[in-house]
Amino acid sequence: MTDTSHHAADRHSRIPATIDDLVLPVEREGSSRRTFLKLAGFGVASATLAGCSRGVTRLVVPRLDASDSVTPGLAYWTATTCGGCEARCGVLARCRDGRPVKLEGNPEHAISRGGLCAVGQASLLDLYDGTRRDGALVRGKKASWNDADAVVRAALANSRVRILTRTITSPSTRAGIERFTKQFGASHVEWDPRSASAILAAHDACFGARVLPRMHFDRAHVIASFDADFLGTWLSPVDFARDYAAGRRPDGDDATMSRHVHVESHLSLTGSAADERLAVAPSELRPTLALLRKHVADLAGAADAAGSEPTDAPYATRIEHLAQELWGARGKSLVVCGSDNAGTQALTVHINQLLGNYGKTLDLEQPSLVRRGDDKALLALIEEMRNGKVDVLIVDGLDLVYELPDDVGTTEALTKVGTVVSTSPLADETSAVAAVVAPTPHELESWNDAEAVRGHFSLSQPTVPPLRAARTLRHSLAAWMGDDTDDHDLVQAYWQTSVYPRTKAKGSFQSFFDRALHDGYVAVPSPERTRARWRADGPAKMLAASAAPAAVADGSLALVVYSKVGVPEGRNAHNPWLQEMPDPLTTLVWDNYACVAPATAARMGVRPGDVVRIADGDAAVEVPVRTLPGIHPDTIAVARGYGVSGTDRFSSIGPSWLEGELTVQEGGTVGRRVSPLLTLDKNSLRTSGRAVTVTPTGDHEDLAGTQDHHRLEVPAHLAVRGGAVRDVALVTTFEKLQKDPDHAVHAHEAHDVSLWPTDHANDGPRWGMAIDLAACNGCSGCVVACQAENNVPSVGKDEVLRHREMTWLRMDRYFSGTGDDLRVHHQPMMCHHCANAPCETVCPVLATAHSSDGLNQQVYNRCVGTRYCANNCPYKVRRFNWFDYPRADELNNLALNPDVTVRSRGVMEKCSMCVQRIQEGKAEAARRGEDVADGAIQMACQQSCPSGAIVFGDLHDPESAVAKLAHGPRSYQVLAELNVDPGVTYLADVRNASEFANGSGTGERHG
Amino acid sequence: MDDPHAFERVIDGDKTLTQVTHDVFSPLERRGTGRWWAGFLLAVSALLLGLIAVAYQVQTGIGTWGLNRTVGWAFDITNFVFWVGIGHAGTLISAVLLLFRQKWRTSINRAAEAMTIFAVMCAGVFPLIHMGRPWLAHWVFPYPNPRGPLWVNWRSPLLWDVFAIGTYFTISALFWYVGLIPDLATARDRANGMRKRILAFFSLGWDGSARTWSRHETACILLAALATPLVVSVHSVVSTDFATAVIPGWHATLFPPYFVIGAVFSGFAMVLTLMLVARKVMHFEDYITQRHIGAICKVLVFTGTIVGLAYLTEFFTAWYSASPYERFVMLNRVIGPTGWAFGIMFSCNVVVPQLLWFRRVRNSLVTVFILSLLVNVGMWFERFVIISTSLGRGFLPSAWASYTPTLIEIATLIGSFGLFFTLFLLFCRFVPMIAAAEIKTVIARRHANDDVAPEAAGAAARPEAPESSETTERRAA
Amino acid sequence: MSRRVHLALFTSEAKLLAALHSCRDKGLTILDVRSPYPIHGVDELAGIPRSRLPNACLIGGVVGLSLALWFQYWTSSIDWPIDVGGKPWNSLPAFAPVAFELTILFAGLSVIFGLLFRSKLLPGCRGRISDPRVTDDCFELAVTRANAALSDAAMADLWRDSGAIDTSEFVEDIR
Amino acid sequence: MSSWTAPIVFAACSLVIGLGAVLAESNVRVTGNNLGYEPEQPIHFSHRVHAGELQMDCLSCHYGAEKSRHAGVPPAELCMGCHAHVTSTLDVKLQEKALAEAEGREPKTIVSVELRKLYDALGLDGELKTDPTKERRPIEWVRVHNLPDYVYFDHRVHVARGLACQTCHGPVGSMERIRQESTLAMGWCMDCHRKNAADPTAARATPAGGAIELGDGEHVSIDCARCHY
């Protein structure tokens, strides 16, 4: 294994044995001299000594033991696995002084390959969540683990035991559950709130194997996605985004670009990246696929395979064209579908089968294991519970009461269970009715393993001594079985018995395990082979078994319950970084809302922010409306994951002042719970297609967003000739780029004339970035990565409403075109580090000036806060500390990066181009007596980007990756005509579409 | 005005020296009138409100203002530029008109200069409190320090402001004070006890010696000659805060003259407002006559028209530049979301002053008073429009944002008026509001022209004294 | 050494000027004239030289200008050059406003302090106030007979003829 | 009262205030600048003995300076490398040895008062064996060289460039108790940095002798973001 990161060599399992050995770098401020809080590198505590004229005496408290594990001030990386979702990406936890301060993607992990999404980045903050449970509860009261275990053991004896979990991706936990179920005759039900049950069922019917194929978007030349948000929220977005970007490399001699057609009801992140996007009503999805199957079957010469499924779909010609494109790329194409309808999924399976994609772009042999949940099994379990046939129910990782619709009667069903055991680390609605709560720890403070794709194993190891008394499910189950083995040993034992023997590696188990621990990832061929055999009658059977969703009647709208990129599920609702991450499509924060097409809103007579009641029978939800282009006009989309109880904790987030409003009222919730409108029919939990009536309630709520104007065009009545569109986000087509790369993008040129002599010639490096808009899909992982790296505070809804978000890196989103030609442009925007920076000239006190290596430096401690620099910034990327943002939670403060100053009130801040990383890189190079190698320093945003859209380096080095990109054919600079000479270059977006119906945003207006 | 001496005859009711002294100084020696106290209490209340708002803001953070990541300045710098502008008329009256030997200035120059100083004080508050960390404001001064020493950025217009405003305040205040010394001596010589001792301290031992008078006159002429380019430079420098920026709507070479003329315009409007009130309250009808008001009105209509021309020039420049950003900003200014503010600005500053072409309007004190207030409002909005609408919709549409003031900002604006009027009312009570010595010079000169001794002239003129100012005006015409 | 100073108070500028002429004719040394406002022509009659404040003004201005230009240049180009927005170390055009303001400031302060110090107009100073009416409506003439042979009676006549409303005299030490 | 009294008093007051302002910001030891700070330490550790008489290399204890931003204070166990054997001064040891020989017994371990504190911290008993009943308590040294939180000083680079520790920390080898020898003010840092940045070909002499070793194309940084970020 080669080290791609120079930090790799430093990676160890260096976890102090006990909390006492850990020098918690908490600075106790004993005086009023609290201007800047920085978590100093090692144990420095300040205390006021009586009678000391110097005021503050700072102490240095070195460790007692001389082991060379943790050097104060020096970061080390620990390989582990992300616990943010079931995709289980590999991460390297950047640790300082015995605690993780930042999560970075592990480039050696074969599935995630170095990327990390917003949820993964933000999972760090959950570790330092002070509301996590500390120790076990018995009937709501704190109890010792022994007492709790005794209660559970007593209940387990001679009873019907059920374990309800999400998809278990940890093989050792799965083994533990199997052992447990055997011992107690229990059964294990897996269920996922974002279920892939329909896909699994369709494969079961068509292949005889209930598996989720692993999708290879990089191998597909034509991708047709039907309501599958694979770049944003679907299954394994980091993996998919990496693959997707790999298949779309529009530059160079070996240029290749997949063609992506997206069909959906709601506007998803993936839809916004597509080359062609078709909006259909939820009920039209199945006919559309049926039509596609018909055409593909015709092309395959298997017309009779098409069956009698209705094909009365819109976009008949486009679908026919798509069929031809797919057929032309058969074996190199991919049709994916996110529908919860098994019949629809069966059509997808059938089309892929007709195209010969199985075994090529779809892998059943080494399937994905990220979803195994079975809606039917859950329904059966609830039925059992209702009938009083369950004595002990162990619920792990699920807030059943929150997730399921109210008419299921989940709470009543739970009360009929003898003993409910919850493992929830936070107070949720399910654990509220649990007899015993045995909370689970955070991924970063525990041992764990994962197998998200068969044969690909990753390991989790603690990066910090447990901050809370908690046990993994595996550990608890073992304890209840009477096995007092340590959790680490449980994992290691599994690896010794089940993983190690499969390797061909020489050497002892210990060396294998240590290596795996060091790398965080190991590929072990699986002896298991999916026994999949195509059953020609599968699709028809499945279609017959699954009713097609009915079209909604006039006057109703079809409801789509979707997942947001930032807060995909209720379990993410407690994370302020995610709550405040602007949704890449609506740019809204801290809320869910009903997205409707502007025409639909006009028809209903509602304006954005007006609260509507979405009802079907007794089930109703009241949410504010948000208009969003691209949504099918008969659709109303509401995000799940909101209305989680306990989120009123955020009532205290952000500054409190005279006119400040709470983010959430005491006792309220962030957003609204939309579960009442989910449908639990006999096969599955349905999230889309329910016919609902929408009526305005007359209330109005302001929605907090980071963007007020959403189009590249200025408002029509203000559009002067030649100024209707802002050439900010440029797009070209792959065809044009192929034909004439040098003229495919027409950008403004800088006029390189200067009145000034260049008397500070810079012969050293000039750090800069290149951002590929063709690769960027707007997932906003970089936004959260930047927030985590740079100690950017979360400021709350009211402040965002006042346009005072603090994010250094924002994800601008523009629309251009209309209807089916709607284009969505995502553009990461941060400080451009202009060589002729307008901000620098105007600062009276030299608080912002240029460095010799081309950085626009912001010196917080010099800043007096005139805000002149921000006014004069053409990109509006400077952020002002309007208040002292609350930093009272000391546990939470452990997530702060000790290498970055926490800014006080009244000073300006902005993207520093991760200058702490540059300085570290330079200092390390100096220490080793080497030059800084290209790629050795990575920006936080760059590191997290699954698509590799951001490249950092020395613009003065013609051989550097960034310099090559910056001079490539697609490069352009935003507002180059101002001659500010920015250090950030964009590469124009490329869409693999032959023609744009609408010229906007194509950069074609300048000859 | 056919009468070549109309402007020469500065005051009505031919006064003797004794009368002038009495008229100017006796109000200072009486107790404050009820009206004065009412005004003072109102002003102090406003000031207190402002102080509370500022204290809260400094304690809590700039976040208590309605600013945001896009609009970093709004009320604060608007108020700053507004008050600096107000100040300009005072200097203009005292310096420029002195150089041009305009005698009519003598009745109002003292008050106008006081207005300048107080307005600059009000203005100076805003750059200070608009800082995120005002307790570090001394960092804008280049003094030796242990940081290297780290100096300041001489390229920043804000730093130029520091020097421009600092110099302007210093020179204006000292100029004013130098002119005040003879009158303070007069007051001293009319007073007894503690009051005399205090006045003796401040009058610096003035004894009316011819040598001193000679130097005093030279000094005044020199200071006037210095203050004239100074006053032009101050608002030019203030305008460079915007003109040197890259922001469309700010980035305009027109700004320095445009701001200076706007400042003169707003300053004269404020002078008019104050003089109309003061002549009524302090019974200075004979000193601040219809002729003075008429003259100021003419200045207003002149400068107002130039201001209008400047507005149109801005539009022309935007159109002619062919820069889509500049064109957009101008259009947005008029018909964008804050078009109403532009409407107020344009009607108050350009349309309304045109009424002053009519003598009937000029002769109606009530109308003139209302007009002067409207011009003040309009000029405040001019700065608001330039600052906040230009910032709100800049280059990148993603960053566009609007601005709404908070209660704290409104209270701070009220507080600045409170400070201004508190100081002005204190000035009315404790400092001779009319430059008595200069009036005496004018009287003496007039009588010298008429070859009549002042005593005799005074006696002869006495029967005419009760004549109303309006009849005088008519006769003059 | 001491001298006898004669003071006379007049109610009008004309009377004062007439008396001034008489005193000059009589060869009296005119020590001072005190008036509520500056009287043109008195300077020549009383032999008061032209003020040299314009020189002070010029010197102050030149000092201010050179100091400002040098200091700005020195701090930004010599002592600690810092790259600000890509501008050259010596951004002379940008230094103009401050240089201009400091020129004015120094010139103005030179004039004012020149006036105050030359005329001994300083806090705590007490002027030679013989009669408070000179700051109101009266004009005072101070003469001495040092170089003129004029009797006391002639002196009194002079005052009476020129219409003085009040006269006095005192002996002054001169160093 | 002379007519000049008031102006003179006025001028004098202005002068005093002005001077005070300049002094407060200058390199002279005044409030806010810890020049000469020499606090009591929990253990009377003598740099004079260790760094001076014994000629120990600074980096042997403060090894962090070589690879990290912080020089660090050594962990107590590092002291045990020597002090497992050296428990008191040689004189006392020899005396005890002589006494023990005279009394015909094994010499006892004599532990000096100050070293006792070290052993206590490590939870060691009289014979320097781990005493499980004793609590291990880290030693709370008083930090002498303090920089504000917004200053990210990096020892590693300075050591790599061959800068002698004494350049900034003064003659530590002659200090009984550690004392702040430099103001550590920004101007003090900048003095050296600016001198060397201005002329990269200069001799680069450091105040304590020695020279800075820079590679080709490298220069001493005077960028703000070298320390402030």
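Letters are used for the chains, namely A, B, C and D, taken in the order the chains are written, and counting of residues starts over at 1 for each.
In this section, contacts are C-beta pairs under 8 Å (C-beta built on N, C-alpha and C of every residue); 3 or more make two chains touch, one makes a residue touch a chain.
Model, not experiment: these values are computed from the prediction.
K.L.:
Would you say A-B or A-D is joined by more C-beta pairs in contact?
P.N.:
Between A-D and A-B, the larger count of C-beta pairs in contact belongs to A-B.
K.L.:
Can you tell me which chain lies farthest from subunit C, using the average of the Cα atoms as each chain's centre?
P.N.:
Farthest by centroid: A.
K.L.:
Could you please state the distance in Å, as a whole number, between where the Cα atoms of subunit C are centred and where those of subunit D are centred?
P.N.:
A distance of 64 Å separates the two centres.
K.L.:
Roughly how many whole angstrom separate the Cα centroids of subunit A and subunit D?
P.N.:
Their C-alpha centroids are separated by 47 Å.
K.L.:
Between subunit B and subunit D, what is the separation of their C-alpha centroids in Å?
P.N.:
One centre to the other, that is 59 Å.
K.L.:
For subunit C, write out the residues touching at least two other chains, lowest number first.
P.N.:
As it turns out, subunit C has residues touching two or more other chains at 80, 82, 84-85, 87, 91, 120, 122-126.
K.L.:
Send over the residues of subunit A in touch with two or more other chains.
P.N.:
Correct list: 838, 840-841, 843, 846, 849, 851-852, 862.
K.L.:
Name the residues of subunit D that each touch 2 or more other chains.
P.N.:
Within subunit D, the residues that touch at least two other chains are 3, 6, 190, 194, 222.
K.L.:
Under the touch definition given earlier, write down the residues of subunit B that touch subunit A in their complex.
P.N.:
Going by the criterion above, the answer is residues 56, 60-64, 66-70, 72-73, 127, 130-134, 136-137, 139-140, 150-153, 155-159, 162, 241, 244-247, 322, 324-325, 327-328, 331-332, 335-336, 391, 394-402, 406-408.
K.L.:
Quick check: in the complex, which residue numbers of subunit A touch subunit B?
P.N.:
655, 657-660, 707-712, 714-715, 717-720, 722-723, 726, 728, 799, 802-805, 810, 812-814, 827, 829, 838, 840-846, 849, 862-868, 870-872, 874-876, 878-884, 904-908, 974-975, 978, 980
K.L.:
Mind pulling up the subunit C residues that touch subunit B in the complex?
P.N.:
11-14, 32-39, 42-43, 46, 48, 50-51, 53-54, 57, 71-72, 75-76, 79-80, 82, 84-85, 87, 91, 94-95, 97-98, 100-102, 104-105, 107-109, 111-112, 114-116, 118-129, 132-137, 140
K.L.:
If we count contacts the way the header does, which residues on subunit B are in touch with subunit D in the complex?
P.N.:
For subunit B paired with subunit D, touching residues are 143-150, 201, 205.
K.L.:
In the complex of these two chains, what residues of subunit B are touching subunit C?
P.N.:
16-18, 21, 142, 148-155, 157, 159-160, 163-164, 166-167, 170-171, 174-175, 178, 181-182, 185-186, 188-190, 200-202, 204-219, 222-223, 226-227, 229-230, 233, 237, 240, 436-438, 440-441, 444, 448, 453-455
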